[in-house]
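The structure is given below, and queries will be raised subsequently.
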Amino acid sequence: MARIRLGMVGGGNDAFIGGVHRIASRIDDRFELVAGALSSTPEKARASAAALGIAPDRAYGSFEEMAAAEAARPDGIEAVSIVTPNHVHYPAAKAFLERGIHVICDKPLTATSEDAEALERAVAASSALFILTHNYTGYPMVRQARAMVSEGALGTIRIVQAEYPQDWLTESLETEGVKQAEWRTDPARSGAGGAVGDIGTHAYNLACFVTGLKGTELAADLQSFGAGRRLDDNAHVMLRFSGGARGMLWCSQVAPGNENGLRLRVYGDKGGLEWAQEDPNYLWFSPHGEPRRQIRRMGAGADMAANAVSRIPSGHPEGYLEGFANIYTAAAEAIRAVQDGASRGDAIGLLPGISAGMEGMAFIRACVTSSARNAAWVAL
Amino acid sequence: MARIRLGMVGGGNDAFIGGVHRIASRIDDRFELVAGALSSTPEKARASAAALGIAPDRAYGSFEEMAAAEAARPDGIEAVSIVTPNHVHYPAAKAFLERGIHVICDKPLTATSEDAEALERAVAASSALFILTHNYTGYPMVRQARAMVSEGALGTIRIVQAEYPQDWLTESLETEGVKQAEWRTDPARSGAGGAVGDIGTHAYNLACFVTGLKGTELAADLQSFGAGRRLDDNAHVMLRFSGGARGMLWCSQVAPGNENGLRLRVYGDKGGLEWAQEDPNYLWFSPHGEPRRQIRRMGAGADMAANAVSRIPSGHPEGYLEGFANIYTAAAEAIRAVQDGASRGDAIGLLPGISAGMEGMAFIRACVTSSARNAAWVAL
Amino acid sequence: MARIRLGMVGGGNDAFIGGVHRIASRIDDRFELVAGALSSTPEKARASAAALGIAPDRAYGSFEEMAAAEAARPDGIEAVSIVTPNHVHYPAAKAFLERGIHVICDKPLTATSEDAEALERAVAASSALFILTHNYTGYPMVRQARAMVSEGALGTIRIVQAEYPQDWLTESLETEGVKQAEWRTDPARSGAGGAVGDIGTHAYNLACFVTGLKGTELAADLQSFGAGRRLDDNAHVMLRFSGGARGMLWCSQVAPGNENGLRLRVYGDKGGLEWAQEDPNYLWFSPHGEPRRQIRRMGAGADMAANAVSRIPSGHPEGYLEGFANIYTAAAEAIRAVQDGASRGDAIGLLPGISAGMEGMAFIRACVTSSARNAAWVAL
Amino acid sequence: MARIRLGMVGGGNDAFIGGVHRIASRIDDRFELVAGALSSTPEKARASAAALGIAPDRAYGSFEEMAAAEAARPDGIEAVSIVTPNHVHYPAAKAFLERGIHVICDKPLTATSEDAEALERAVAASSALFILTHNYTGYPMVRQARAMVSEGALGTIRIVQAEYPQDWLTESLETEGVKQAEWRTDPARSGAGGAVGDIGTHAYNLACFVTGLKGTELAADLQSFGAGRRLDDNAHVMLRFSGGARGMLWCSQVAPGNENGLRLRVYGDKGGLEWAQEDPNYLWFSPHGEPRRQIRRMGAGADMAANAVSRIPSGHPEGYLEGFANIYTAAAEAIRAVQDGASRGDAIGLLPGISAGMEGMAFIRACVTSSARNAAWVAL
């Protein structure tokens, strides 16, 4: 299969997530990065493009320029990765979707509900795929967990415990010139949610992905512990799911000793599952009344749902980049399928798309609304 | 120091917690069990007493009888352990407190708020000590954690995450003749709280003990997942503490794969602490911006608060019984101190007593009330 | 069952292991300490006895005096615990065995091979039981492991990996007045083995106990890393067992970060087992080709071999003292059985006795001999 | 920097390690795979090349053909990866080295000592780099460990414990048509060492890399537990190092429950370090007398030695492929440096090369020789 011609919006030299997307796109060799609007600063955009081996005539100063020029080329990009701060997601995605260029977009979906709704319309109006990088769903043992729940290994789900603690905003780095901290705590660029938007959405998405349940309502108590901080940096959320399951979700950016402590625990009337992102090659399964079992990626007990997205044998750890690459590789297959005539719905399969994005926006909005009402229940 | 003459109410042959109290009382050799009203069934009471080496004339058929008879003996018991279902705590405690006999009572305090208030008055009216076995506060590394928080190692506390999952009521054992399950799920014997009373109070007590904070209000969502179950078996609670800290508490009896997963995580603006009851000899300390450290009981970094309640060197694990014994041994010292003229307040030190019991009752009541109001905030 | 009247040799106020024996003897309430020759310093012996509630007339100045006097009393001790440095084990044990008093003795058996052989003869000539506190065999999950190997869960045993690293002699504490370090590194009091005698024997005993195999020969490379140290403080040993299994054993007192890291791993052609003393409530079982399982004390998968020596439910950790108590409680039952006419062989059951002691002495001697011959193979 | 034009020998469709090399070469985008002799079966070679996007005219039937043809092209490969069974390493490497094409070769170096010596001469005679993929040295926390030892954080090294247990040959898969098992257990293709060659060399290399010590002699006891197996599948080795340190090494392919359990523990007179390949983002550091510390990749306490070979923030796990990619990326930099005039010695830096390969061969030979002499000491 020929590599897919890929462009990138954002992700200039000193950005974190742009580099992650590029590595993820290369691991299985399904993409070739050929164009970029890598920075809103023209010189930086050019320098970053050069460093990445992008031809000078395809190093653009803006996403609008790139969308127009690439759409006009016979060898123009087939897909674009959008790795900017949240407030740019919508206008950039729209520009490419309108031209039939497939979009792979970082999460959360957008900075505002208005943008989210407009983006939803833009996706509906386009023939192109829209893929949201809820990358944790790409981990093999997350796939294993989802398959096991779906097959009934846990029975009826009763309890969902999700958490995502970090510590990087324990001090108010946004006042000390740290760029990541600045935009992540700026409502204009991040939207109404701080921790709930940046990491809470990941935890919520993971809970829904694994259990197959939908959240129906939530009650949230949000805090901003950092001095002068304008967005939440810690959130406590109670959840109610379709079918009667209940849950809790904790996300925090101010919990010292935690780096990316995303963790999911799910319990049904027949068994329990536990998974932690920092130790991702293992899934703990406790059939009720039997010893706990450690299911290992590509090891005994792992099934096709996990093995199909694994590359190397058990005992050789795969990590974050490989999980992220699984999103990209599935995106490549979906793009080729659509190009070959498949419907978007058939092609996208397990990939997170616009509906996962809208669910994430609803989660953020409900958290902020509930907290403003002293943690009253708000429908999702 | 001569051993304290001890009686016991409840704890007949097949009870779990009675045996724990007896071992705990023996480990440091500070008590001698000389009398008992071990069962409400007379033959069982006698047989249990004989098996424990209690003289036949001190094997009583009821706690009333025992209180009267022992108070009249020159060598009568100095203290009594009450290890019955919750609804017996108050009448039994009252009978001994009125006679100046020190009481060591299992938690939660009582089955009802009325009993709790009456017990509070009985304690006030007595000269005897009332000690509640919130035994987890006896673990050395819990003492270490409390000392570290108190000394400011974590800075200002922001977040408290407490949990106590179990799985033993995943199925409705109360319908299958399991006695422990029967009374634990019976409002008449356990009170208004199921999981919140049995284990939620432990988690809440631990959070307050370690942080030194008081809960001010809570919002709780309680469930009864077991078919036909009359009390909660799973509870999700959001907490607000004095001083602005926020927390979550989860307790469950229906989470397969969890046995006694009591765990506390506390985060301040300078560092974090984590402790788990199932791995109790270790305390994880994360000073913000430095590597996580594993502080081990009696090992490097452990201070007098922990070492004073340890018996054996680091690397040789102490467990639940030793932590429980620390409550008993401190009780023995408090009893001797009171006998030597110390005030009850001075003597009781870190031991949990009537106020911890009242806080636990307030916690149960607030959980039940809040949940009945769809998780509205209720003051503690 | 009436408590067994117990005496103690050694174990004065500041000794470590004496206190462990006393607690272990009390946990299940099967012994009463009524006499002692607790120190070779008379005042210290008296003061220690008083602190332990031993009557003044049964606080002796020497074990010889105690043996003679107690044997003459109608209420004399039925058993004695010997918790002295190694070189006293033989003469003390002999004095009591000759008088028909049961002996519970700390390990290793003796300081010299001559003493060991003489002790073996003394045991043979006596009607009393001789029990050696290889206490790690008392852990419930060690019993579970032994039962599983015996029942064939691992198939034919191929590989045995045993280790016991510590770090307390990393610096030469014996030159700084630390009493434990002084006698442990003194050939006159400890015998020919340093680390191999103190902890290597435990690891070797555990390996044999769990697998049911006998060592046939070994090759050992011993080191004394501590400056001026006269005995080994680190040992590397290759082992060959009956039936063709091979193994390695590492013990060390100079491995920083290790406290009592006794660990055993056993692999057969059908599965593997792993157990660690510092996390003793869990046994890891890997049936070949299936996920690893965590078998928990009193939990799912634990069988009678483990449950019979457990006191409290799963999830409430038992530790070192409870494992040690299992030796004492089994000793009590063995003593009563012998008193009731059972043969010593029938009564002793799984308890370690003189043969385990002789095997430990053979292990020490073989290690020292092999190392002196540049790690040549030496028969066991 | 332009990508390096890369060829590959071996690594056809169903090979494991070839795919690993290809991913590793792509992660940092420093190589482009343009030619291959991917299989000794011509059709398979062609099909594999097509699947990898290699132009048909650069899909060769043999390495000899590829070496000749590529050397003659102006756009010929600059480097070649050799990922065949061991016996092909020498002739293939020689063919490319003679033509000045840089070689990246899988380990162990060769199947025989004769080949190893010939290869050493071929490297000496060439201007090209020879790089051996002892990939575990590429893990960031292995670099961290090496730097810490080198800076004296552990003091003088006393003890080195290395192990690499696996379980995949527990049953005799080589008799059941499993190709990996067939050549790994075939002396003609693997050489004189089975487990010692395949994984023992990794453990030994890692021990030397981290400590900076050289092995001086070893005593080895090798076994072949698998029925009918012709090479060792389990090895117990005692080691002596320059400077007086002592060590043990265990490698096994028949230890059920172990996948790729490579683990290194190093102890000096000031501290200890522990690292495990299956949990590679953490390094445990125990300064003597202080609490254990968990140093995390890119986290607090990690220094430039580790961070320079990391891509993503702490808490997002990197794994085996990223560690392997560090070897490839360093190889790319070394190749460009040599092309720019640097000496091979300067360019190769920390990369494992011919001397590491010769040390590995000496290790295998010494293990086999020692074991044949009943574990006598053999010089390294």
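Going by the order they are written in, the chains are A, B, C and D; count residues from 1 in each one.
The rule we apply is simple: contacts are C-beta pairs under 8 Å (C-beta built on N, C-alpha and C of every residue); 3 or more make two chains touch, one makes a residue touch a chain.
Remember, it's a predicted structure, so these values are computed and weren't measured experimentally.
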Out of curiosity, which chains are bumping into both subunit C and subunit D?
A, B
Comparing A-B against A-C, which pair counts more contacting C-beta pairs?
A-B
Interface sides of subunit B and subunit D: same vs different residues, half threshold:
same
Between subunit B and subunit C, centroid-to-centroid distance (C-alpha), Å
35
Just the number, please: Cα centre separation of subunit A and subunit C in whole Å.
55
Mind checking the centre-to-centre distance between subunit A and subunit B? Centres are C-alpha means, answer in whole Å.
43
Among subunit B residues, those touching two or more other chains are 258, 285, 292, 296, 299
Arrangement of touching chains [line / ring / star / complete / other]:
complete
Mind listing the subunit B positions that touch subunit D in their complex?
285, 289-296, 299-301
Can you check the complex and tell me which residues of subunit D touch subunit A?
2-3, 16, 19-20, 22-23, 26-29, 52-53, 166, 258-261, 277-281, 296, 299, 311-322
In the complex with subunit A, residue positions of subunit B that touch it:
154, 158-159, 161, 167, 170-171, 219, 221, 223, 225, 234, 236, 238, 240, 246-248, 250, 252, 254-258, 265, 267-272, 274, 284-288, 292, 374-375, 377
